[in-house]
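A quick write-up on the structure given underneath.
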């Protein structure tokens, strides 16, 4: 779950970080009144709250010198899609005078199986850009997950990106808070970029947090407290899919794709491309799907307008062929879409599944290549 | 004896009374796996398909001291505790089938296992099989056959797909390991390669990767350094997946510029690995590799 | 810092434990109205909120069958001192029907340097009583502080005290919450005794938490949220002393005692006893005391009515003789009590201190035995 | 060379620029202790009494590789981090003077130190001294003299008191260790006894205990088992302290029925230890014990 900038900053504030003073503007709010009520003095920064990266370059962040300007910029940003997506809210905050912008993030390093801190004296750019343009500036520190980030280690990172004296201590404290948030929220990413040096303090001008979806059952408050409807990351149909618990990703083609297992589903997409087709989506029913889930997924694609035809590729392990077949048959029976459907079925309870499908007049391929060629040709 | 599991493997099933645990206990027993005990807290004293159930791993081990492997079907919120219970009881191979375990939990138990000298396979994996000897996992047993080609894969269903093709082409497998699709797994490609390098029965290896992470790149580097000397055929899924979109529950998300399809394929090719464009080329390339090795 | 039962239960509730429904009654509250407002149905238990142990036996807990009875019992308890101390509040909670009472606590084992869980199937008694009467019933489990309490370990403890099935799982969950509280609050003790088995659940009938005073700087909220003034643990003068930051313990004799270091101060008390005197208190100025602290401590004892005379025994290490002497001289100069004062001074900056004292007309002994004999004889 | 510290000891002072750190650096230097470096984050580059100050332990060690001991004067909220910094840099003896460290912090760093093979003295302790060679602590140096009697104590000022009496009676000390008054300390009585058992210069030992905990009882059990064979004289403070009242900041609180004065004295006497009724009997008993040993 990606958190909005304003949510991430609220969390940092809870942990004692001095984030810039700000107000959150929701659709329909009177911007001028809210600014005055909060006593926010220009210059201000008006920021589009979307969950896609590269917001600054796409014109989603504007510096304004007066309240009037803030109002007109807000009107403009409400209407301005960032990478195709409109903002869920606007954050208006006091501009922080500063000269230096740092980069700092904490992620999990998959190979080392430990949290790693990435820091650079060159903030404001993406980490990819920094890695390209100033690769030597990136300081890495691996953290022992049973021990946590030590104060002296945080100071070491700060020192290596060139900080000294009181700013160094301020940076080290901030980094320790970032680490606390990282573990408390079970985050995949905690990032501040740019992180400004303002006088003797460090101030996060931006903040990003991605919480591990698998851990959300322990962090219900994040969903419950959400003031803004989930958008700015997903398309209309992706939001619909997620609402039904389907990990559905929309793509540009016309062949609806269902697979079991992310690897097989991706390989199916690759194969469709290989034979000249274009997938309309990615939809992985995972391991051990029961007929209800299969039915839900098939019905969803039968409704999904971009998918002119639907391809189902299942190789059963923990997933059983009979459950898959039952789900398909029920979905088709209840649908009025009349879209062409190609099924390929192998593995656990393959024969039972094949029988169920054939009884309902649906042919099930054994060979995926044949099946893919068929669906592309339709 | 291939790697990690074989005819000596004696298995404990944690979460044996659940739907999946019970179903796959039956499947494994039918395959010939030696399942000697199961655990479900609070259900001690019962039986599942003739396998005795205990309240705790300690009790199961006390009565069945031969247990050397555990397979875990416990739901995600409780799975880490089951892993710790197995490790603390001294079990050295723990196969975690469970999907949806928070990554911070996995990070901790994988590090803990290492400190105790235990090997974790998974989580979110199909398990592993040494065909004809022991299946500790959820893969359909009939699609494998004994042989000399190792398969190591991040994807469950793709493993089945490709192994089945190998079998149909007459190419048997030494050991097939589904290492799991989560961002952090207990056994990485490089660690699996180390095991297969030492295994005399393995003559070639199929590596099935995905976009995201840098496990394939690390395996490529290891091969390039000459630390894995047997022929390798690779297939990488996700060539056509858009960047920064997460494909399902998988670890397949391309972030921070690392882990692209192109990057992985380049690294593997540079190391002399034969890279298949589609899964269906794999058997052909394996045959080619084995023939080259002979000549 | 000892928490009141109601505070401890509030914390357990926050962590998801089903504690008995209750209301807190403060001085002046209308008990009947509060019970009705909360919809609490008798039978109820009215419990005196004091911070001393052995409250039940001292008559501080009463079962009542009607609201009227609750009102009259409350009136009675307000006036009833428990071990000399009046309650700060009353807790009125729903009686929980149960047959079995367990004991469970978590403390730090000093020798093992780890948290240890103590559990017994025989609750309701003190742990000392259990240790005497049912020593074999006590189950001990040491916890690795870097790893925490595992679920399977919690179940093992429950099984060893004879629990099974759903009660066992309920107990294990409760024990894990206790451990979470233990670490989150940096507690010295988390205890539930009795912990009742009610149907398939375990319900803490009582709960005690002692938070490490040294960690309070990280747990200010405990002090800030406290609804009840601190009493029920300390005497009037102990509260005064603590208010000034002095670790003052009141005793029964007439010789006021100040020492530096707990060991030396206790040894000084022991010596006073040995030579036939009786200490009026324990007051340790600790290591490195500066003159302000010494002055405060001496002034405090000069005012403390039980102390007919005052004995100061300092052997300087990190504490410096000159600082001690300055503090004494200033305290005596400003005091009108005219109590006899005996000083013994050795160690770091002894000569400088001795000089300051002698300039003010105060003799400083070198030999503590001589000094003790002197103060006892006065 | 007595135990833990001696003429080879090279000391780093963490928190050297603070009031206590600076004062006691001077005192230790005057005693002859080899203090080679100090650390205060943010104050690197300065000097305290001629000792160079660094920003981090790592930097101090890089410039002064001979450092083998650290003494910590850092305030309680930051002291644990200073301990970890010292241990992680490879220092094997860390003396923590700081008072008021939360006990959960101490529990963790003491366990961590053990896992890394480092010894912690303290916290909340006066440090340790091998008279005539090295003083790593805050005790007044002139009250000690070199000799053959070890002193190990939970109480700072009582240590001074009793050592000074020994000195005045002509009884010198091998090493004097104030192990600290907190509920959890890095070096326990039994661990100290193990060190002194092996030390050839030590002929007898004075143990200064307090009510609370069971460290004295454990030392008694060890002596009874014959694992410490030299004569022991003990004094236990707190005979007249009321139970369940906490005496100052000390670990002296009698809880759960363990750690009473009577219990400790009985255990020690049962083990053949001479127990002094007041601190002032200690020198007499030590003389007696040494004479008995000779005969």
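Descriptive notes on the structure:
For clarity, chains are labelled A, B, C and D in written order, and residue numbers in each chain start from 1.
We take it that a contact is a pair of C-beta atoms (placed from the backbone, for glycine too) under 8 Å apart; a residue touches a chain by one contact, two chains touch by 3 or more.
What you see is a predicted model, and the numbers here were worked out from it, not measured in a lab.
Common neighbours of chain B and chain D, listed by label, are A, C. One finds 28 Å separating the Cα centroids of chain C and chain D. Chain B and chain C have CA centres that are 54 Å apart. Multi-chain contact residues of chain A (touching two or more other chains): 146-147. In chain B, 112 are the positions where the chain touches two or more neighbouring chains simultaneously.
Interchain contacts give a graph that is no line, ring or star and is not complete, per the touch definition above. The complete set of chain-chain contacts reads A-B, A-C, A-D, B-C, C-D. Contacts from chain D toward chain C in the complex involve residues 20, 24, 27, 76-77, 97, 99-105, 107-108, 110-112, 124, 126, 138-140, 143, 153-161, 164, 181, 183-184, 188, 208, 210-211, 213-215, 218, 235, 237-242, 244-252, 255-257, 277-280. For chain D in complex with chain A, the residues that touch the partner chain are 41-42, 55-58, 78, 81-82, 84-85, 88, 112.
Every residue of chain A that touches chain B in the complex is listed here, in rising order: 53, 107-108, 110-111, 113-115, 127-128, 131-132, 144-146, 183, 186, 188, 212, 214-215, 217-218, 247, 249, 251, 259-267, 269-271, 273-274, 279, 282-284, 286-288, 314-319, 346-348, 368-369.
Of all residues in chain A, those touching chain D in their complex are 147, 150-152, 155-156, 159, 164-166, 168-169. The residues of chain C lying in touch with chain A in their complex are 146-147.
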